[in-house]
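Here come two complexes built around chain A, the first alongside chain B, the second alongside chain C.
Let's turn to the complex of A and B:
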């Protein structure tokens, strides 16, 4: 609409968002990237050291441990969450009494702050006071060190991540399933498809987009996991349970190795993007073939 | 003609009644199992919340010894905690930050979205690339911004004020707001706005009295999404706030473990007190909250 589009009017409308976004999002990304090539301890001038920070991370066992933990959470989380929340969405679509209430309750954890989620789960997973070991005790089984041990923590974090995301993922699947045209479903029923055949050959193929959305969302969310680890173990003992982000937070703000921390932040960002894009490309390819 | 419709209706009616009747006996056991599974899964999902609620009413001795006992429930933990937990201040701070940042964030996003979809730029290319520039922010994860924003706040002299948090919260909300707002405006016809301009409305009047009211549903979604984000945000708050009087809800919760070291009952009472207002709001606005939080996923 040309009548309201004088040059200064356009400028006045666009400038506030543009300035704030550039200053507090775009500039910081460039800043982090730049600092990842320097050695900087918070005062004086940063020294340019090229790719040394990236090299140092490559030789840092804690970094590899954090990467391994993050990948464990990624695999366990996505493998359980995507089919699990899909099944739950189908289940809650059926004429179960109170299905609406059940959907609201299942979504509930998604509104709880991650930091509070972490605190709540300390009281489920803690080896001494946690609910889980109480149940094991009732069943006459020995206690398990869910968190704070050497191996189980990433699986426990994956469990908490699943808990906090399943309702959210279920809701997206539910909405996607509602969008499927009735006539197609009816046609497949008339053709005598069994419930399973309908699911396998009609519902799932038609919901491919929704599967892609949920999977990508869950992947990007795994690469953001921080508060859960912060509350459950603080990354310990001796960095054994860090995720990439929690280790980045430690390196940057506790250890004050800013350059190294920024290199780590850049790696996480790139990794998250690469895994999401790879998944997208793979699912496209499968669709094409 | 009418008879035909009648006939059609009748057969449709018979079908719709007859079909389930035939199918039901076969499906009944399965439906029962499915219902039971749905209830069981839901129960497992809310179990952790029930557990901390139960612990918050247990006397300290029971938490370690006999946490399932229902005979000695007490309000002691709450009485203890209410004195030491600055609940009002936590919520007050968080609400202040949320209201200011979400209001400004929505306003500036709306202004730029309007300009990027409705106003005529000399060069079209500039318009579309500016929109793409703002949308590119969707790919930026927040944690890469933490340290640079901390330095920026120091440089601007806003560190230690509410603005230290408000500014980045506004900025990180812009990409998502732009996605929803420009998406809506692009699909929405411009006739009404053109009519208003012919009637002599200026830019401000046009936006305020014509466009904004039309966009109420999208604006509501944006408000809910961003308020939930600000309420739950922790990484920025943990770095940019060092004044105990300015703690947000998330920040206060992160300190419970140190604050109530072995007073588990107190910790659970505090956690329950923090959770309760959020659950009440969620219960009231359940539909809107779910829609607001998931729309980005479905749209994006």
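Let's turn to the complex of A and C:
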């Protein structure tokens, strides 16, 4: 008899994935981490400077602005997106005429490349040529600097992020709701639970894992926002609308400060991981209690 | 039927070796044969050289036609990707044979022995004297000439004569006149200077020339050495003037979300009186409906400026450099020499002009006054009696980081995000953080 569970056979089976993971994930991350301790402009040799890049970021007002913008987008995005997409999923699973078409329409923005999403929304939000300000003009209201100013841009980016992600999140909720056991739902109805009670005490608790997945996905997606900012404002004016990733791109490739850019990349990775793990820990604690 | 494990492993190793061997054989059979045409690689900062840089494309086509035994393999990416690619290539010693790169990066590459000293080559080809002296000195570090000019950088403000005439205005000469024009046009809802900061923060060419009207050329070495500061009263005055223009409504309200291309479109569609750009925009202007009424202005003269005010920015742009590896391959070196001789020969310089670029040598081009009226107006402005040019555009004399801070400082004031004092402090901070 041949035992598959012997240690070396398991190792041999895991090895291809492990090698690929090391090559394409561990190595680049370690490489970036190493570069984050250097002063490197892309040409010549990198000079080891310890934690100087991290110190420089701490004193860089544009970094703090980018972090603030990212957090605004994160809070607005997650607070609106998670309940919004869940509500949409519940709404669109009802057996009404055109529900399938509506689901497809809501999902539509999720299949548009983010760079095109940014382009579309420039024509809506631009303070001079944008559709929104034209409507305000027709209504006799003053124009608003939706993008390109120094206050509303992160909220505008959050709005566009919600628009482009809500269909995807809704689909996950929709699938999660479809998987709930029918007999449990039927039992709660027989017990006389109202629609709200069923939602509050059966549906939501049973979909806790789906909520966790959607939230984690949205958090990690917020930490990856780049194209939306690039198309809407290019990070301007004067880096006022940068997110962490767009500012990392500027620092690394436009400003050619590779070491500083890699330090920023490490911070983004750590922040994304910390926020996601903290959320997972919180939701597990809640589940256990 | 099953084989023992050792046999299976041996078979796998043999199969893998055979595959690798096959791949290696394919690879070696694809390398250039020694008796075939010599290929030189030319790597540029445009994703589509054929359409975005027709002048270079035309020169390459003409060169290949004249030299059927030399093939020029043209590739290109947007600036950031191009530089990233060069950075990786420099580390792996696989730089393209000839490539565009920023002056500050070229100097670093020279120090690292990655690019060729072109001094002897230019001497052999008799090209040194064909360039303006300032061009050669601009691309010289120590005794080594590390680059040759890619294209000319003739920048200023394109203006629409019709818009000015329709509003009873003359083409301004001084800053005060420009300010008066901006105020008058604002009343009519017309943008005076079309600029676009989104994804193109570098598009502040006319204001970079203004820095030279406040003594930048004399100050820059001191600023970089730390004996002078960018945060000085003269530069603050310039930024105050930019703020005055902003307050007079000279710029579009969406200057921060508009791209450079949209700024060009704004001008070519007759919605702006002036365009902050350079001679490269002449082709787009020539094809537009405003072509017949367009002129080129060197920019305003300031009564509180420092040094000569009658200047125009007519300098070499970033250089083309040659990989040091080329000097070790005789066939390639000969091909690159032929390419350089062709590129800076009169026929190629005329091709530059035919494609809306000024010549970078001392060649006197033939310009069709009707079909190339926009280009002609720019070339005429550059050769007006008494007008001189700085040796280099201000941002090309500093590192990329400082150059980006300069762009941010100018757009920061234009977009009312920075006060003049904050703007100069931002650049000074970038210089100190170097």
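The rule is short, and it goes like this: the second predicted complex is superposed on the first by the 264 of 289 C-alpha atoms of A that agree within 3 Å, B and C clash if a C-alpha of one lies under 4 Å from a C-alpha of the other, contacts with A are read in each partner's own complex, and residues count from 1 in each chain.
Operating definition for what follows: contacts are C-beta pairs under 8 Å (C-beta built on N, C-alpha and C of every residue); 3 or more make two chains touch, one makes a residue touch a chain.
Just so we're clear, the structure is a prediction, and the values are computed from it rather than from any experiment.
Contact with chain C, but none with chain B, is seen for A:56 once the two complexes are overlaid on the shared chain. Applying the stated contact rule after C-alpha superposition, one finds that A:127 touches chain C and leaves chain B untouched.
By the touch criterion defined above, A:221 lies against neither chain B nor chain C after alignment on the C-alpha atoms of chain A.
Of the two partners chain B and chain C, more chain A residues are in touch with B. After overlaying the two complexes on the shared chain, residue contacts for A:24 are found with chain B alone; chain C is out of touch. Judged by the touch definition given at the top, the superposed model places A:262 against chain B, while chain C stays out of reach.
In the superposition on chain A, no contact is made by A:85 with either chain B or chain C. In the superposition on chain A, contact of A:150 is made with chain C only, not with chain B.
By the touch criterion stated above, A:70 is placed in contact with neither chain B nor chain C.
Contacts of chain A with chain B, set against its contacts with chain C after fitting on chain A, overlap at residues 122, 128-129, 230, 249, 253, 258. Partner chain A is touched in their complex by these residues of chain B: 31, 34-35, 37-39, 41-42, 45-49, 51-52, 55, 63-64, 67-68, 108-109, 111-112, 114-116, 118-122, 130, 133-134, 137, 139-149, 151-152, 167-168, 170-172, 174-175, 178, 190, 193-194, 197, 202-203, 206, 228, 231-232, 234-235, 239, 249-250, 253-254, 256-257, 264, 267-268, 271, 274-275, 278-279, 282-283, 286, 289-290, 293-294, 297-298, 300. Those residues of chain A whose C-beta lies close enough to touch chain C in the complex are 41-45, 56, 122, 126-129, 143, 147-150, 230, 232-234, 236-240, 249-250, 253-258. Only residues 1-5, 7, 9-10, 12-14, 16-18, 20-21, 23-29, 31-32, 35, 88, 91-92, 94-97, 99, 102, 104-116, 119-124, 128-129, 131, 134, 163, 166-168, 171-172, 175-176, 213-214, 217, 220, 223-224, 226-227, 230-231, 245, 248-249, 252-253, 258, 261-262, 265-266, 268-269, 272-273 of chain A touch chain B when the two sit together in their complex. Against chain A, the residues of chain C that register as touching in their complex are 80-81, 83-84, 86-87, 90, 105, 108-109, 111-112, 114, 197-201, 252-254, 256-259, 399-401, 404, 408, 411-412, 415, 417-418, 433.
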